[in-house]
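Can you read through this structure? Questions will come right after.
Read from first to last, the chains carry the letters A, B and C; within each, the first residue is number 1.
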Amino acid sequence: MKYLLFLLLPFLSLGQNSNATWQRLIKKFNQVKSYEVKATIKPKIASIRMLPVKATVQFNYPSTFKMKSAGISILPKNGFSELPLLFSHPNQFTAISSGVDQGTEVLTLLPTDNEADIVLAKIWVDTKDYVVTKSQITSRTNGTVTCEFDYAEERNLGLPSRMKFQIDIKKFKIPKGVATDINRTSRPEETGKTNSKGSIDIELHDYRIQRN
Amino acid sequence: MIFLYSTYNELIKIALKPRSYLGLAAITGLVAIILFALKVDGMSMISFVTSSFEQTLRFEGDVLNGNLVAFIILQMLIVHIPLLVALVTGDLISGEAAMGTLRMLATKPISRNQLLGSKFLAGSLYTLLIVVWLGFLAVIVGRWMFGSGDLMVLNSDGLVILQEQDIVWRYLGGFCVAYLALLTISSLSICLSCFSDNSIGPIVSTMAIILLFTIIGTLDVPVFDPIRPFLFTTHMASWRSFFEDPLPWEQIKQSIYILIAHNVVFVGVALFSFHRKDITV
Amino acid sequence: MPTPIVQIRHLSKHFGDFHAVKDVNITVNTGDVYGFLGPNGAGKSTTMRCMLSLIQADQGSIELFGQSITQHRSEILARVGSLIEKPDFYKYLSAYKNLQLFSRISGKPSSSQEIREMLDFVGLAGRENDRVGGFSHGMRQRLGIAQTLLHQPDLIVLDEPTTGLDPQGIIDMRNLILRLKNEQKKTIILSSHNLSEVELICNRMVIIHQGKSIVEGNVAELLNEDEQIIRIQTDSLSMPKLIQLLQTNYQPLQVNEQFVEISLLKENIPALNAQIVAAGLPIFAIEAKRKLEDYFINLLAS
């Protein structure tokens, strides 16, 4: 029995740590009631060409995001709202530590409800300031969305200065009749791949924050 | 001076001929139908197009705006405009021959080259009118009905999203190249018109040539690869190169050169044959 | 010495294998009303079209006003008014607009008043704003004459101007040509099937047959108009007496139950008339027969 306790001790202590980390993150998240931030969105997707777009993002506690941009911008589907969704419903997830990765603690969040949209979430937490540096959220509706976070002035509130979403794009196909380049002389190169990787960089600056 | 008088005459003839308004009316009707359809059900068309992305991406902003509507209209109609242009320009010589008025004109002290030149100029101005009218309906009316915004261009290999402030010059450039392409149709039909004494022949011949070249251009058969880049129909849609990013200048320049070369050839052949044409009807 | 205004020498033109004009030679002098005669397909229209550079000649020279038509086309055509075949106009335009349109490229654009005066001159006053599509053939012909004359040409070329006209229209056209000749001293080239018309109007003529000009000259000289063929009509009872009377001085050319034809000098007609009256014969008509018809038929037959 002593031996068994000895063997489980590291895991029990990890379980306590992961829960503490999770609670610290939630606490930090709850500090902010709303904010408005200017964003520059830079998609890097093989099948989409566009210049960086400027936009304003508005957040209202707990997980409402609104984006205003002068033109068309591209975002990962629910990319902004999925992490706040985790934080705003802490009881719906169980945090389990998945070890340490390059100096960050990795938490795996499992939904308590088997029918929940989010199936699995992994977050990388910098335990020095308790900010999320990377997230990987798999949902039924959106597939897997991976996002990396950088922080600057608002690090203490857990508000990032840059988000970089990694996305999988299905091979783009448009019916000939709808596509505009019917008479194109050079054919687009066939890659043979069915999917391609892409990323969307969002730089965030000039936060206007209202605290809870 | 007599050249300008003759051009003025040709413009009056075009302006007072009911057939000239057929093209304008057809464009107006077609644009009205497209605008109505897009107003009623435009979003479903957009989501049909962007469905490949929708599992992972979300488009923010007004995708279905006047600029996209204008682009869709141009894309749909530019294929049909040649017929409307040829309907008038293909008739400029042969129609007069059929009516007998060519005989009357040719006995006047205007040289054959000047007479044909004035017809080319009038045909060019009519083509310009068609393009401007199409542009007005597509861009101005489209923006009025749908508002302005960034333009999402749908290609077979992806999307290009162009910012609003970056669009006007692209439309201007696109319309210039589209005009050059239609001018080639005008020149071809006037050229064919010099060889015919009936009104319908050059119009049908022009359309037959366009059809033939388009089929050769779209057939994925390697034997046609060497000639494909030199067919004017290959460059009919070059206007849309202005909506690519980065701008394929080399491709645009090549299209412009080839279209100009076709115009020069058609005008040259027309001048040569009309100068020697025996007016027997 | 008359000044030649048109000189055509050894004109030749092929249409494929068909040799339409083989060797036509023409000289038209200033002030002439010059008749083009010939059966259908003889080459009249082709010659006229070559003259106006509608058709390019294969061989030969064409000079108008002393200049070659191939080298000075525009200067020459500015001085020529022509109506070749039927008058064709833009049917969707009014008579006024049509004239205005042709006038602009005639080298001497006419004013609005000049156009209206010309329409008045050809009898189309009041119809100037009507679409030509609704005009009768006669009205179009008059409009055709109007566009021919509008820029005050020195030479007028009319290709069968009376074709399709009603009798009154033919008379009007004939009078118009005579007015142009007498009042405006215009040089007129006229082709026609109507031989009596040519005989009445033209002072010079050419006969073209199978692409060649076979006879050219002064109408009076060619037809020897001093000597006339006179047709005398009487009843059948008096016919023997009439023949007997005529045989003493003349040689009857043709005799039948209704008339006798004789040839005599124009100056002797009054004496013949007096002689018949003195004999108490019932005469229904004494008429001079047109000679061009016979001349033309005999010429072609030979």
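As a convention for this text, a residue touches a chain if its C-beta (ideal position, glycine included) is under 8 Å from a C-beta of that chain, and two chains touch if they have at least 3 such contacts.
What you see is a predicted model; the values in this text were computed from it and never measured.
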item	value
Which two chains share the largest set of C-beta contact pairs	A-B
Closest chain to the centre of mass proxy, which here is the mean CA position	B
Cα-centroid distance, chain A relative to chain C, in whole angstrom	100
Distance from the mean Cα position of chain C to that of chain B, given in whole angstrom	51
Chain centre separation in whole Å, for chain B relative to chain A (CA means)	48
Chain B-touching residues of chain C, taken from the complex the two chains share	15, 49, 52-56, 73-78, 80, 82, 84-93, 97, 101-102, 104-107, 109, 147
Chain C partner contacts - residues on chain B that touch it in the complex	2, 5-6, 8-9, 12-13, 16-18, 99-101, 103-111, 115, 276, 278-280
Residue numbers on chain A that touch chain B, as the complex places them	45-51, 53, 55, 67, 69-79, 142-143, 145, 167-174, 176, 178-185, 188
Residue ranges of chain B in contact with chain A within the complex	45, 48-49, 52-63, 71, 75, 149-150, 152-164, 166, 214, 217-218, 228-229, 233-237, 240, 243-245, 251
